[in-house]
């Protein structure tokens, strides 16, 4: 049995529509217009212990709703969820001991106190024994380089320092599962890097199953082994990072400079097309799914005397944009 | 002037979407008048009669008028200043091509315009229908009242602005707000008219600006004053207006410099 | 707690509940300790806020005294008696506010911005946790002021404060605090169901003001509402009327003895409403 099982789960919200205008006052009060909004529609997936999973989706795709349901905050409208063998929304408290969560947009630290005070509160709430608490605090402070600011009121910390404290806080009670919602939003490169490393490290050492949502594709690329793409409440893709790259990579672009042409024969084929060939510059588009870089170089060098080449690797961000646009029906 | 019109039209669009909360707050400002009226009725008892020369009917009239006057002279400028200093938006406000004092005044007046339109006027009219309103008011007194109450609005605004500016130094106006409501409740006559005050409090009230915000305009409207006394009220209002204006300008300029130098 | 038959398992269950309660008390202590530590940064502001708030109410007492003294009495209640009504109401409000005000103050925003999810993600029961984390000392001003006024009024009314009277007073204050607490909970709980809690908020504070004066002053409709629908009459009017031995026929008869019962039932109902509403949140979401 998998650690997290989500089985044909749907979630509908009842949204009350406010009508504007004087004539609708009474209508708004006594018979408001209701609209059922389907946030998540019949999704199923399973996550094994120790996996690093990234959730991708535009705003309102159902990422947070899904995470809220797995973490026991929301009831699903239909379907069944089990986390470590228990039902998270029926046994919320029991499930909560097992999970840690970071919501990047909100802080759970007390702003007027140093982060260590918030840590102590966390220790009480999660009933952590003093021994492992001490051990974890010391290790986390070292791993995330928090020595300098652990006694400064959180109010005076930078965003990056604060987020490190948030991430550390969520792991103090050694949860089996960690939910990270936008953990690197608005951070500088170094802080991002340190947080990513920390998450990977914890996964490697403790086997913490990690579920991450982010709009920063580099986060996903460097942390996640598996990607689930949601769009309009349905799963669009569920598979490994490699498969994702293969399936969704459009064209890569390679640029060559050459000394001379060996022949005038066109190198265009099913997998390569020439975009530009002028003044000793050759730009070709090729599909990495069908052709490796070595094969491309081989093909080109058969006809050109190559001096140098650069390859613009496919960008996950471009890929995801492609997926969204396809969904929106845009070109 | 153009800017004023702009702000007014934006607020109008915002607020003309008549909403449930307006209904509720109107209902409860009516209930508050009801509460006051029954208190006075309870105080006068079944026999009625006059106390300190004031009859029950005079008190009912005063209660309704004071609800109205307190309603239109109200201002939230102290809170507005507090919010914008704490959130830091005051620095952006300083970039506006209009003095902040003027800007806040226009905002305060527009806000009150809608509160008056949707809250104060309906509740006061309801109270008049419910309890009756028997007062002989001459047109000339209405004009004098309008003049006097305008001064009242300005005095209350400037006073609030003056002490509200101090958040630039204190960074919290909660206690100022409390002190302000203490003084206003006590001395403005919005709840208990100064007619019933014991002598020491009455004397104290003469040296403070608060009675010129609610109590004196109503006294002018009800024609309780001779021509000389009315002139005296106007003189005092004008004196306070001038004093508060100078003080507010002085304190505000120092505060603005502090914000500009230290970046809020 | 596997089998719930026999006295042994009932004892177990009780023990379990006591243990949980002790844990939440401990949590309250720690939360409050941290809150006090955080407050020390703003020591000066805290003190000055308390003083200004006390001043606010002191002026209200003063105005009440000025007003009633000018007329001798309000419906047969003299200035000191009405001030006692006010003081009892304020004391009960202060006690309830100490535990519940922050819940009411923060919950709508928390629900609106999604911060309530942070509560649900913790391995804690919602209401006890909110209680533990929301304890505040700001009402010390209200409470001190009302005790002073009570002392003054009982002295002025020439009622010696005996142990018996003190016990009666405590009973009244206990019931009153529970009723106010119930109101705080109802207003807070409604935040789970509707986006704007203004209406209930207005009702709560309107009747708080009503409770400052003898209920018999107001029209019968308000008297009935304040007895049956919103039990404000039981906070101070009915019990104090009996305590002061007033002979008047306002309200719905002599209901002083019912105060604790009404308070307990009302508070329990409010708790139930709050928990039901919190459950509703989980199925509807934000």
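Descriptive notes on the structure:
So that you can tell them apart, the chains are marked A, B and C in the order they are listed, and the count of residues begins at 1 in each.
The working rule: a contact is a pair of C-beta atoms (placed from the backbone, for glycine too) under 8 Å apart; a residue touches a chain by one contact, two chains touch by 3 or more.
All values reported here derive from a predicted model rather than from experimental measurement.
The most central chain, judged by the distance from its Cα centroid to the centroid of all protein Cα atoms shown, is C. Chain centre most remote from that of subunit C: A (centre = mean of CA atoms). Note: centroid distance subunit B to subunit C, computed from Cα atoms, is 31 Å.
Averaged C-alpha coordinates give centres for subunit A and subunit C that are 46 Å from one another. If you average the Cα atoms of subunit A and of subunit B, the two centres end up 54 Å apart.
Residue positions of subunit C touching 2 or more other chains, listed in rising order: 42.
Of all residues in subunit B, those that touch two or more other chains are 20. Only residues 11, 13-14, 39, 65, 68, 71-75, 89, 92-94, 96-97, 99, 101, 103, 105-106, 108, 110, 112-113, 117, 120-121, 124-127, 153 of subunit A touch subunit C when the two sit together in their complex. By the touch rule above, subunit B contacts subunit C in their complex via residues 20-21, 24-25, 27-28, 31-32, 35, 38-39, 41-45, 51-52, 170, 172, 174-176, 178-179, 181-182, 185-186, 191-192, 196-198, 201. Residues of subunit C that touch subunit A in their complex: 26-27, 30-31, 34, 37-39, 41-42, 113-115, 117-118, 120-125, 129, 282-285. Within the complex formed with subunit B, the residues of subunit C that make contact are 42, 45, 48-49, 51-53, 55-56, 59-60, 62-63, 66-71, 73-75, 196, 198-199, 202, 206, 209-210, 213-214, 217-219.
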